[in-house]
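Here chain A shows up in two complexes: once beside chain B, once beside chain C.
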Partner chain A sequence: MADDIIAIRSFVAAGVGGAEVADDQDIFAGGYVNSLFAVQLVMWLERQFGIFAQGTDLDLGNFLSVERICAFVAAKRAAADTAAVSSLR
Partner chain B sequence: MSSPTTPTPATSAAGVGGRALQGLREVLRTVDIQAAEAAGRLPEGLLGELGERGLLLPCRSRDVGGLALNQYELGALCEELGGQWVSLLSVLTAHMMAAEAIGRWGNHELAATVLAEAAGGRRQLAFALSEPEAGSDAEGVRSHAEPAAEGYRITGVKTWLSGGQDADLFLVLAQSPGGPIALLVDRADPGVEVTPIEPLLGFRAAGLAQLAMNEVVVPARRVVGRPASGLRHVAATALDHGRFCLAWGGVGLAQASLRNCADRTAQRHQFGSPLLDHQLVRAMLSDMLVETAAARLLCAEAARLREEGAPEALVYTSMAKYRSARTAARATRDALQLHGAFGTSAGHPVERAFRDAKLLELVEGTEQIHQATIAGHIQRLAYPRVDGASVL
Partner chain C sequence: MPRRTIELKAPVPAELAPELSSKIFFVSEAITDFRLLFDGEAVAAVELEFSAGSSAESLAEQLHHVVEADILSQRSPAAKVLWEHPASAPVQEDVYRELLGRRIVAEVGEGQISLGSPLLELMDMLDERFAAIVRELGGRQRRYPTLIGTQTLHRCGYFSSFPQFVMFVTRLHTDSNEYRKFAEYAAGRESIGDGLAEHFGNADYCLPPTMCYHTFHEMEGTRLEGAGTVVSSRGKSFRHESRYHRTLERLWDFSIREIVFLGDREFVRSKRGELMNATMRLVESLDLPARLVVANDPFFGGPRTGEQIWSQRMLEMKYELRLDIEGGRDLAAGSFNLHETFFGDTFDITVESGENAYTGCVGFGLERFAYAFVCRHGIDPDKWPAEIYKSAS
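== the complex of A and B ==
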């Protein structure tokens, strides 16, 4: 989890051109990032954390800040674990 | 002159991509392209025929009627279309753009139904983003979708829709109280009016149309993605796919110019020798070859990154479209120059390529929009990432 947030902070920092961004800061409202970044972020999260985003995940709230992104990744992983367990039954 | 398509790791004549290319060529051989361009629309039944061969949604799985092609193989198809018939490329690209967005972000039931119909050619798709007052600035769209008991009620006007004259379903981007929303409007929905647009400079058989929606009720199940994600993800996915297809189309246009010029300059004699022996002509031809090869390599690099699912794929796709459209514009202009008055006669392939290349520079991102995207990417280069990935 600690590694996750470090990687996410780094991706977001590069995305906002190196500006100081607090973990709870709204990066979209701040005008730091554009729609291209939003798409890149999802692609990167999928590859980095082995998750798969669906249409229902496209809630901007999931990607608003470093903290929210972390929580999103954790929730997707937990859901994938649950699905894996139920498929074993 | 044979077509020296750069061999890519994933394309071989015997493989599924090679067979798809062969199939496309077979279909195109049966079409009178010049007549269709003059008539301003695609021949009846053409899309159905392409659908039977899996060529309408070639990258989707075989389950829904596609061929599961990879990005290199898709690129080869688009290059072929660019070289032979840009109007058809434009219609197929719009169809694929909508399908990609629906397949990626639409709910499972919607995606399964629509993609199967779209792959077989039973339903033609179009992508409806531009408006009379909003083009490059997609956030400026004025069409609006108000929540209603059944889903949404949408009003607005969309324009420059490739394939719009015959499309059955439109992926429409509109404003909603929650943010930009993407939803599927059915041509049969009450309140929908489709009006053909007079042929433009290029893409003349692409069946361009305007879509007017007057309080059209769209059920909630036809919303693609979440209400506020219409622009950031749904439209972005579609546009990215469109840019990739048209980037390869530009390579096809440039390659066809090269082939036409090689023939022409070998056969045409002036001042006692073939044009090909004149030094100024040799300079033009060598630049045309080098530029075309460079554009193709950039497209192949975009294909590689897309296959990897790398975030940089988006910027590379933008770079490929930017470069390739510019290359096509220059190559087709030089081809016209080298063909002299002959090339300017109506219906000559060189004349049509010149017109289509100009349009290619404008659609799916003008040169200036791509430059802005690419420059935005450069701003991020100074900040290394801890995952070790290089953004260059």
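== the complex of A and C ==
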């Protein structure tokens, strides 16, 4: 998880053009990023963490800050693990 | 007419079925009717009816391409309702049939309807209410020519986002020999026929699909004063809706009241919010059953269609005001949109600081609004609520 947050911080920092943002700071409300970044972020998360976002996943609330993004990735992974365990039973 | 059932290569989830339905007539003009065939929760096949002489194989190929590129690339959007107004009474039925029967409306062409009293007065009264909201926002009015430059629409990205809707305007070559040849071609023909195209000159102009492109074009190179400005216009808009035209719900030729915001980010977002609030109050006062939902534009045919749709929804760049009408249906009578700095960048419109302006727009479909109103309150003006006659001073 520590590596995850470092990678996410780094992607977000590049997206906001080097501005300093706290882990709990809303990067969209601040106008730091645009919709193109939102698309790039979701695609990158999918590639980086092997997850797939659709339906209610695609709620901006999941991507507002570094903290929220980490929580989203963790929740998606936990859901995938649960599904994998269920399929083994 | 021949029919053929096309098995889809991959099933289309039920939540994307309306999207699929909304694109099938754009697959090809040869398609005259269709039916989605479900297998459980997903669309497994489409039954097409098509004109004789068309190749079922090439229609199938085109359908597969559209399903893959424009439908399955979408990501099953979650519905999100922001606000709802349950009216005090349900909508009425057989309203459109009565409008036709009393010659208040007449179908004069594909998606083209002529309108008379009392719908005309109703549309004007509704428009006056929107204009009053514009005045409260400190906006100014403009009236634009109908024709819009093809290059303007191109710069607005219209052709790569909504090619299915484009309606070009053309004319004959400016050449006396051509005029003569064309006059000879036309003379004595009962039907003008398909040979017209070879006489056409250019397509420098289009019919406008909405009003805001006129506003951005007119304001090219402008440096805005203060936090921003509000510009509003009313005009006829045109979209080729293929065989999807229906009653007053979906026309090829319709009227829009549009309000454009240009300024800094906060100005544009807050103006959109103020306009949404004012609209919700208006809808409540007219007692129209309604809801405000997160929506997306009908992007089609571009390489990024799916992405454009899900990102637009995720960032809530578009809200739609949906009003109930007869037949258990509803329609989008208004939309509230943000564009980030796309039009500021494209048309070099800047704010005082020199940065490119953010923009947003709100559009109301006047025929749709009026139709939803008569579905709720009936056609007889004597029975309309007093609120609609209130002077919008």
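The definition used in the following text is that the second predicted complex is superposed on the first by the 89 of 89 C-alpha atoms of A that agree within 3 Å, B and C clash if a C-alpha of one lies under 4 Å from a C-alpha of the other, contacts with A are read in each partner's own complex, and residues count from 1 in each chain.
Heads up, the rule we're going with is that a residue touches a chain if its C-beta (ideal position, glycine included) is under 8 Å from a C-beta of that chain, and two chains touch if they have at least 3 such contacts.
The model shown is predicted, which means the values in this text are computed figures rather than measured ones.
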Overlay on chain A: chain C relative to chain B, clash or fit: clash
Which of chain B and chain C A:17 touches, first, second, both or neither: first
When both partners are placed on the shared chain, which of chain B and chain C touches more of chain A: B
Partner chain(s) touched by A:46 [first = chain B, second = chain C, both, neither]: first
Which of chain B and chain C A:6 touches, first, second, both or neither: first
Which superposed partner A:38 touches (first chain B, second chain C, both, neither): both
First (chain B), second (chain C), both or neither touched by A:56: both
First (chain B), second (chain C), both or neither touched by A:78: neither
Segment of chain C that clashes with chain B, given the candidates 132-140, 222-230, 240-248 or 348-356: 240-248
Intersection of chain A interface sets (partners chain B, chain C): 34-35, 38-39, 42, 54-56, 58-60
Interfacial residue positions of chain C with respect to chain A in the complex: 15, 75-78, 265, 307, 310-317, 340-341
Chain B residues touching chain A - in the complex, by the definition given at the top: 104-107, 179, 224-226, 228-229, 231-234, 236-237, 240, 308-315, 373, 376, 379-380, 382-387, 391
Chain B contact footprint on chain A (complex, rising order): 6-7, 10-11, 13-15, 17-18, 34-36, 38-44, 46-48, 54-60
Residues of chain A touching chain C in the complex: 28, 31, 34-35, 38-39, 42, 53-56, 58-60, 63
